[in-house]
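Just below sit the structures, each encoded as structure tokens.
Paired with subunit B in one complex and with subunit C in the other, subunit A is shared by the two complexes that follow.
Right after this comes the complex of A and B.
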């Protein structure tokens, strides 16, 4: 959890706006540090987290989270974190060893054209379980949160853009509207931004579709002037709704630098290397 | 009164809702959401005591009703296609595949009313993702002519579809408002195209902003003649207010203009270079028998 980011977003683990769909995106850069932030943020806020991790292994996230002061294994044991390790689960789709209902989540790999309904059903069963009220020994967790890292990899697995947008719509319906939880998704783009609708660039259309669905977007890019050792890039924050205090500040841009145990954010031109 | 008539802009005319039997399309993109304007239209219709039916796909009922006054909710009917648009759970109130003129007319009849209602579709992009554009256009056309609906207002995300599809839907509309972000924070730009029944097309551009109570303030046109006066600035003299002197006296200016620049070839310079003066070395050339000695100057045709 990065404290500077919390102050920019005006949130804290003790108080954050429920029912938000936050979109993290990057273009020719790497926004995965934001996933680590939100993962540790929501775990510290005592929310029930369902993490669909399609690009990295559990040990990767565990190692980074430990540096941020959160233990994923503990959270998993306590039942606070439900972790879908996409890389591992995908093997079991192609080499089924035993009949395990949990493995249905990645069944879209067999038939990508059919859509992501099974993945949605996995998400639904994970998040609904928390508010259902377990036994006496189950701890009461806060609102459910869905994290996805990352959504654009689904396109390269053969899923259509429309199917991914349907999936994100259903996640929003269940997690944000019904259960007043948050959804955080990461989408990545390779090429240059295209103004017009382009048929072949699926990730651009996916990013636009998700931007329409989200209420807060954080867009990570490299610096327009090129590589810099002390400034690793810039983040553009876009709020769609008016803030609760009536202020309408739709866009803000900050620069950042990734350190070993955190990320520092600063206004443009105020990097320590410059001042 | 005359002053008021003059200040009626196309946008405020559309908000008055005088366009009966029409189809108003609001187009937006990622950079600015058209839903605020859509809500203003809904608010204006409710304030005129009209009955409004909303087919909600993009956002939930709560989110759409946010900002609208609760007094008018009895005239606002929200048909929830947001909760389960594809029928993935067993009891879905409305799925996107039910988007057809007879099904929508049925929906409108469910709520007994004396006059035809205004149908709001939020958003057409959701429908177009699952239903073919031809079927959607057919449905919209039938609804327009059917008589069950007074006006249709649709929201379309133009950056989510190809130009052909956007063009087809725009062709059906009697008025199209394309919204874009404005130059200042609260402001937005609306590009309006209105098609009258006789086929006449009028276009306009207006800058507007929406207040918290959803009323629309039309600010000005983007190219306001009032702005031109402020752009003609006085010529700034760069040689003023310096600690050193950059100005030239008349004699200095004359000398400067007389100066021959080193790499500009004038006639005098050319002859001076080609015909070297006394005292400089001379080249004596005696051709051999096998040499092809041409008396002509090979550089004669150069225009230096």
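Right after this comes the complex of A and C.
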């Protein structure tokens, strides 16, 4: 959890607006540090987290979260975290072995053109199970949260853009509207925004569609002037609806630098290297 | 020198008579100590050398175990092939196991063309020779009077001392000697040897890629590289070299058509490869003829599925050959993907789109890595 990011977003683990769809996007950069922030943020906020990790292994997130002060294995044991390791489960679909039972969540890989129904059913069973009132031994967690890292790899695996947008809409309805939880998704884009690539309409379409569905967007980009050792990029915050105090500007831009144990955000031009 | 420290678990009476001291170094770290690897200074990941020392520097110390390096081939596949062979040669010198897959050349031929390592300071391992370690004292002529503590050490290091060095230099003008090459354990996958099976699943993957993935998974599980299974006592690294994936010889039409039929076959394979590597002690180098692929978005998704990507552009035959800026260099390398596993400290001299020159031509035929 990055404290500076919390102050920019005006949230804290004790009080955050429920029912939000937060979109993390990047263009020719890497926004995965934001996923680590939100993962540790919601775990510290005692929410029930369903994490669909499609591009990295569990040990990767575990190692980074330990540096941020959260233990993923403990959260998994307590039942607070449901972790879908997409890489591992995809192997059992690509290389089926008779003795291994078929894992449901990634079975869409067998026929990606058909859609993401199996993945949605997995998400639904994980988040609905929390609010379904467990026994006396089950701890009561906060509102459910769905984290996805990352959505654009589904396009590489053969899923259509429309199917991914449908999936995100279903997740938003279930988690945000019905259960008053949050959804955080990461989408990655490759090309330049200005040029109109006819071939990259897949990920551009997906990013535009998800931006339309979201209420808060954090867009990570590299610096337009190139590489800098002290500034690793800039983040653009975009709020859709007005905040409760009504004073917020809808857009803010900050620059950031990634450290070993956190990320520091600063206004443009106020990097320590410059001042 | 300090007085000998009593070891924690052995009483002094049980010390072997040849150990003059009962000092035992307590090794606190449980990290794997596999020859040819070293932990990264940034985040403790296990790194192996790619064979090219300057490339190791650009990668932040070396290739991380469990990751994929994508090399976008240059036009005539000359320098990408050279880096491919350097990677395999480094594996032979470090006693790692190799897995070589190709559709165009027989993997045996690729292995015979490996460059010769420069090992002039270390004796080459000859399997027939007896190691000179012996417990009984040497002849009185050889008995040491002053440095008597070193009496029982072997006179000549009879094994390749590659575990102490990370990264070697190679002589491209010579090929590796057969004795060194044959000491290496390796596995092959030659695509024409695997006829297509009739599979009932209509997955987007091609049968050639499925067979390759299955063969790699079988090697990983059989030879003990799988991290989910209990590992054998002596651990090793598997170096996976996949040559020219996506080319027509693999049965893929990515390079032939503007709108290929199996658009997601290669990306699905790379996803499965990533899954296999993350759970095993292996590292992969994949070369792709990207100059034949018209779809830039597809190249972008291929690049993002690999942890590191470099694109090579050879100067031969291009207009840059006569540009005076590039006269000392053979090839231009472009960094496409910084790698997400080491995001805390990006390497010192590259960004997402900047280029890095390497490939100096040197007047001496030997020694300079690319």
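Note that the second predicted complex is superposed on the first by the 258 of 275 C-alpha atoms of A that agree within 3 Å, B and C clash if a C-alpha of one lies under 4 Å from a C-alpha of the other, contacts with A are read in each partner's own complex, and residues count from 1 in each chain.
Following the convention adopted for this analysis, a contact is a pair of C-beta atoms (placed from the backbone, for glycine too) under 8 Å apart; a residue touches a chain by one contact, two chains touch by 3 or more.
Note that the structure is a prediction, hence the values are computed from the model and not measured.
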| item | value |
| --- | --- |
| Simultaneous placement of subunit C and subunit B on subunit A, clash or fit | fit |
| Subunit B versus subunit C as contact partner of A:202, first or second or both or neither | second |
| Which of subunit B and subunit C A:167 touches, first, second, both or neither | neither |
| Which of subunit B and subunit C A:41 touches, first, second, both or neither | neither |
| From subunit A, separation angle of subunit B and subunit C (C-alpha centres, steps of 10 degrees) | 110 |
| Partner chain(s) touched by A:108 [first = subunit B, second = subunit C, both, neither] | neither |
| Touching partner for A:191 - first (subunit B), second (subunit C), both, neither | second |
| Partner chain(s) touched by A:29 [first = subunit B, second = subunit C, both, neither] | second |
| Subunit A residues touched by each partner, larger count belonging to subunit B or subunit C | C |
| Distance of closest approach, subunit C and subunit B, by C-alpha atoms in Å | 18 |
| Touching both subunit C and subunit B, counted on subunit A across the two superposed complexes | 197, 199 |
| Contact footprint of subunit A on subunit B as seen in their complex | 30, 33, 58, 60, 62, 82-86, 88, 125, 129-130, 157, 159-163, 185-186, 212 |
| Subunit B-facing residues of subunit A, complex | 117, 120-121, 162, 165-166, 169-170, 173, 177, 196-197, 199, 205, 208-209, 211-213, 240, 242, 246, 248-250 |
| Subunit C-facing residues of subunit A, complex | 28-30, 32-33, 55-57, 60, 63, 87-88, 90-91, 94-95, 109-112, 152-153, 155-158, 188, 190-191, 197, 199-200, 202-203, 222, 226-227, 229, 232, 258-260 |
| Residue ranges of subunit C touching subunit A (in the complex, touch as defined) | 43, 201-205, 210, 213-214, 217, 263-264, 267-268, 271-272, 274-276, 278-279, 295-298, 300-301, 304-305, 338, 340-341, 343-344, 346, 348, 350-354 |
